[in-house]
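You will see subunit A twice below: alongside subunit B first, and alongside subunit C after that.
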Partner chain A sequence: MSVLELVANGLIFSSILVLGSIGLSLIYSIANFANFAHGDTMTVGAYSALVTFGAVGGLGGSVLGLPYGFFVALLVGAAMAAVVAIVTEKVVYESLDIGSIGLLITSIGIAFIYRGLIQIGFGADFTRFDIVALRPIEWLIPYGIRVTHHDVAIVISAAVLVGGLHVLLQYTDLGRKMRAMADNPDLARISGIRTKRITLWTWVIGAGLAGAGGVFLGLFNQLAPRMGFNLLLLIFAAVILGGIGSIYGAMLGGFLIGMISQLTPVLEMVGIPIGIEYSNAIAFVIMVVVLLVRPTGIAGEAT
Partner chain B sequence: MSRLDNWVDYWSDLTRAEQGVTGSIALFAAVLLVGLVTGGLNPTYFLFLVGLAGMYALMSLGLNSQWGFSGLINFSVAAFFGIGAYGAALMTSDSAPILGGFDPILGLVVALSLAAVMAVLIGVPTLRLRADYLAIASLGLAEVVRLLVLNERQWTNGSGGVRGIPRFFDGWPVLSTFPQAMPGLEIVIILGSPIELGTPFYQMLLNISLVAIFVGASYLVLRRAHRSPWGRVLRTIRSDEDLARALGKNTYSFKMQSFVLGSVIMALAGVFYAHLNLFVSPGDLNPITTFYVWVAVILGGSGSNRGALFGGIVVVTIREGTRFLNEFAWIPFDTAPLRLLMIGVLIVLVMKFRPQGILPPQRELIWPDAIEGSETEPERHTNQQPGGDTNE
Partner chain C sequence: MVDDIKRKLNRRNLIKASGVAGITAFAGCISTSDDDSGDGDGGEGSDGSDSGGDESGPYSIGMVDSLTGSLSAFGERNQRGKDLALGRVNELGINGQDLDIIVEDSGSENQGGISAAQKLVNQDSVPFLIGAVGSGVSIAIYESVIQETDVVQLSQNSTGLNLTDFPGLLRMSPTGRAQSLALANIIADDGYDSVALTYVNNDFGQSLTDAFVDAWDGEIAYNSAHDQEQSSYSSVMSEMNNSGADAWLFITYQAEFTTMVNEAFSSGYEAQFYGADSAQGSGVLEGTPEGSMEGMKITLPSAPIEQENYQAFASAFEEEYGQEPTSWAAYAYDCVINAALAIQAADEFTGAALQETVREVSRPSGEQVSTFEDAHAILADGGGASDVDYQGVSGPIDFDENGDPVGFLQVVTVEDHEYVDAGFIEG
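Up next is the complex of A and B:
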């Protein structure tokens, strides 16, 4: 494995992590609690896409080795994740008045409910999207990079989604209201912003991006009921590294944590005896160090 | 007659929740008894379940002393449980990759010391953090511990686990041969389904007495500690840390002491598990254990030790009860995810309808004579604290 290939893998994995961390950071700052069900929201998106793709099929042509039907499934997966999150917010979180710690514990229960239902429906085994695996792109192989068109599609789609979110946040009314609410919910409320509606939109956007991230994770690796929960701590590491509440920080954090976790083999190349099996552990230790040294993260403002 | 009146008085003194819990425990015990008598429930397996319940109760007591009394959100329960189990296993097993072959008592001491050291190591960076950061950080560090146990094969034998752990009482004068020495009994209550009590039954009986000693000792130590001035400082920290600091308490040091105490009790559960199961593997450090224990504590009522005991029993009932469901053919799926679903629903229901738990702390934080004193001699309130210690 060349370093260039590790960087390429890091880029792909980062794209998935970024999609997950944006949603977690948005919900952390606006709904004001650490949502432990966020990883399982990604799983919900992935399995919804799996079902949709099985139903609609390829739909004729394909882009970057991915049939049109897959993109339909991607949209449905993101939408389903958003719907599930909205229903959960309406049925469970909204009526609770138990502080952020109580909500945190509740969200663990929600995560188990999502995962339990998925496992009842689909079994505990690994599955894959019914898409033919591609050969690595020919002209990149001489550089030691083995990536497929699917991987390119993941990175491009994630970039489009993140770009869309940037436009939404900076240039639309909803985006300004969301930023105002993330900054100071009380102030936003007395300025006449309907905070409940904005909270709902936050869930839609955060869970939708997570759902899309879940679909890509299923394409990059495999689908399993535990896939989202296993990624959750890495997403937390990304969000904390970037700074909780800062959406651009979450993007940066997701990128860095994704890179670090895929670049772990470099440590052995330079003679540090820490193997690939500790890539997650490195991310968690970085997370704890950031919490200690700079709890506001890279992009966070001192509060 | 007067004895009956006492019982009636006692019953009407209980809160409705207490009456409900007492009633359902009685009902549950009756169901188990019927199961035992009719031979539907194997007595050895039943004792195994009691042992598991005791193990969860121990972990719940440990977590309760961290979360319930000091407000520390510790999501690394599974790591401390695993350290206890692996510490005992590596010290005592004859096939351990390092150490091995020592006396279980020595294993116990080493495992608990190891857990205390690790509690300090995890506590030093994390206990200064805000509550929700502590949750995430401790879950992350617990994963680091699990990955170390899984991958450092030269010490832990990796995913193969450690076998050959002796029973706790092996090598003791009378107790080591007690199960073999006891006569095999066969009790026939209902014709056709005799209840056999053989060597495994007596072995399990020894295990149960071990966990009963562990739980009893921990319960007494915690109850004494939490009624002491030390416990009062912890409760002050939980409700208002700034207030405790303003009163001149070093809250960080108090939190560390509480964290170490709770973690050692969790490791005690791990030591018991190693000698009950006679095999430990990295799967025992799976974070799901942490969440089971959390369910037990919030269900029982944060800060309530008897609530923690009750929660431990409920969790084992869910964990093992869903295994029975697999025997019913009409359920079209594996029941393992059902366990997950039930735990999840239970968490949400408790947080929604009874966030204080089913048995919230009532009188257990106060000396009993303090209550009686205040009822009979209310004027003592004015100048001195009844039963309390004034030299705090």
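Up next is the complex of A and C:
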């Protein structure tokens, strides 16, 4: 088993984690609470894409083994996740005045509601997109790398989305306002930024990325009502490792946690007898160690 | 401000209340199965009748069943199997007398099962007790009521592995361990001497794996647990591939197995797959690409549905109840037949005497018979317990020294992405 193969696996898994982490961190920085429904927002995106893909079909051609229709489904999935998040924000979170702990508990309840509705609609069983599974890319196998075109598509799409977010944050008016609000909401409001509108945009972007991550998770693995929730713990680890509230920290944290969890077999290769069933534990140990050294996370700013 | 304080107080109360609720809930879980009960005088046979054609009344045995509670579906199946068997037995009778089964409800819970067994053993003085469904209930009954007496206990439906640790507690349904033994034999017969195995990280996966490792003579190139519901198992797949073994064994559940097959497929790994029954299902076929697990072999606990006596049982069952029987009804049916034969073969109707015969009537040596009528004829002719080897409708029975029956398993293989029957084996 080559390390390259594990790195490739780690890269794919990280791509999905990063998409989830950014949204969680964004929402934390603006709305100021840990949104436990974030994982299930990913599930919402995945199932919306499943329905859309079933309705529109392949639409003729394909890129990287993925029919055009899948990309349409991806957009719809991201959009649906955003819509569901906005509605939840408007109906529930915005009207509640119970502090961040209260919101946190509420969001756990919201997570159960999302999951319950999906389970009512689609059953508790797992399912998959109706896309032909691919074999690994031939010419990479001699290098010990076994990835399919789908995996490549996941990594490229995630990179495009993350790059797009970077441009948005750094070079657009909305991005500047979002950063201002994340730094200091009161100051932002005083300087004339309509903070409510920015909060909504944050939900749209955060939940949209989560929805896209959910679609990729469904493509990479399978769709099940618990798929997003099962990933949530790792997403939290990534966000906290990167420095909660920091978007670039979340990217880095997602990348690192994904890599660590997939690179666990290396431990046994170098003679440390720790099996892969402990990969989550290892990821969290590393998170705790980093926090002991840097209490604000890797990219977090000291307050 | 006042509102704020009130809210804080409320929250504090809520936390307190939930803490208390939590403690209470946990307290309910503490089992009291080791409380001493029953003075053990049941089954001494003081009121039992001798076997020589005494016409003083029917032979009464007891049955603890899940008539209500979470396992009541099993209880219902059991009762159908029991009634069918009782009808067969009482057509001929035992030494000219009828068999009577006093059924008590366990409520599918330990305490209910213990009370039911105490009533049967201490008040009704039954020397033979069929019970129970749940493995925990069976063990609770054994430890609290049966252990210190010579009453025979035969569980109809418990499959938990730890029943094996109680040799005095017999059961009709095979232990999950039988599957591990069968898999070890199948893989060896297919000519592999090295196997890579992964199991789900819980009691089920661990115990089946331990049993497999005990039974497997060859090399185990890879043996590792995986957690349930992970988003990716690609590191498990690459480690299994790296182990160099050509036979891969999966002791896991459907969703986890589906993920693994997909990842093995998209990584281009090729191996002969084997699996426990928990890794089999239509969801797996739908969730995996064509050809991704071609030739995989899976063992499933099953009644010997191709055997003549099972088919006779099944058609009688369908006639009576208008539906196909389940294995669970077949186990209850065999419990009653086995009990009836043990009574007929015993010198007297006491626990001590039945202990002698209950195993003998359904294991070698002796003439193999597959119906109560045939076995009855041998015993009525003056034959002893060891002259009969009753072959049950649920399998050959043949209790071993731990009180477990020989497991009867169906082997299925995957051909053209469908499960295909590949015969039956004893494990």
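In this section, the second predicted complex is superposed on the first by the 297 of 303 C-alpha atoms of A that agree within 3 Å, B and C clash if a C-alpha of one lies under 4 Å from a C-alpha of the other, contacts with A are read in each partner's own complex, and residues count from 1 in each chain.
What we mean here is this: a residue touches a chain if its C-beta (ideal position, glycine included) is under 8 Å from a C-beta of that chain, and two chains touch if they have at least 3 such contacts.
Everything numeric in this text was worked out from a predicted model, so none of it was measured.
On the superposed subunit A, the two partners subunit B and subunit C do not both fit; they clash.
After overlaying the two complexes on the shared chain, residue contacts for A:T43 are found with neither subunit B nor subunit C.
When the two complexes are overlaid on their common chain A, residue A:T127 makes contact with subunit C while staying clear of subunit B. In the superposition on chain A, A:S157 makes contact with neither subunit B nor subunit C. Of the two partner chains placed by the overlay, only subunit B lies in contact with A:S100; subunit C stays clear of it. Look at A:L217: by the touch rule set out above, it reaches subunit C but stays clear of subunit B. In the superposition on chain A, A:E277 makes contact with both subunit B and subunit C. By the document's definition of touching, of the two partners only subunit C reaches A:T264; subunit B does not. Legend: residue contacts after superposition of the two complexes on their common chain; A:P136 is shown touching subunit C, with no touch to subunit B. The clashing stretch of subunit B relative to subunit C, chosen from 76-84, 166-174 or 328-336, is 166-174 in the chain A superposition. Where the contact sets of subunit A with subunit B and with subunit C meet, they give residues 275, 277, 280. Only residues 73, 125-126, 128-133, 135-137, 139-141, 143-144, 147-148, 150-151, 291, 294, 298, 333-334, 336-348, 351-352, 355 of subunit B touch subunit A when the two sit together in their complex. Of all residues in subunit A, only 33-34, 92, 95-96, 98, 100-102, 104-106, 108-120, 123-124, 225, 233, 236-237, 240, 275, 277-278, 280-281, 284-285, 287-289, 291-292, 295 touch subunit B in the complex they form.
Chain contact summary for the complex, subunit A toward subunit C: residues 1, 5-6, 9, 13, 16, 125-128, 132-136, 141, 146-148, 150-151, 217, 220-222, 224, 226-227, 230-231, 234, 261-262, 264-265, 268, 275-277, 279-280.
If you check the complex, the residues on subunit C that touch subunit A are 201, 224-227, 229-232, 234-236, 238-239, 241-242, 254-255, 258-259, 262, 265-269, 283, 286-289, 292.
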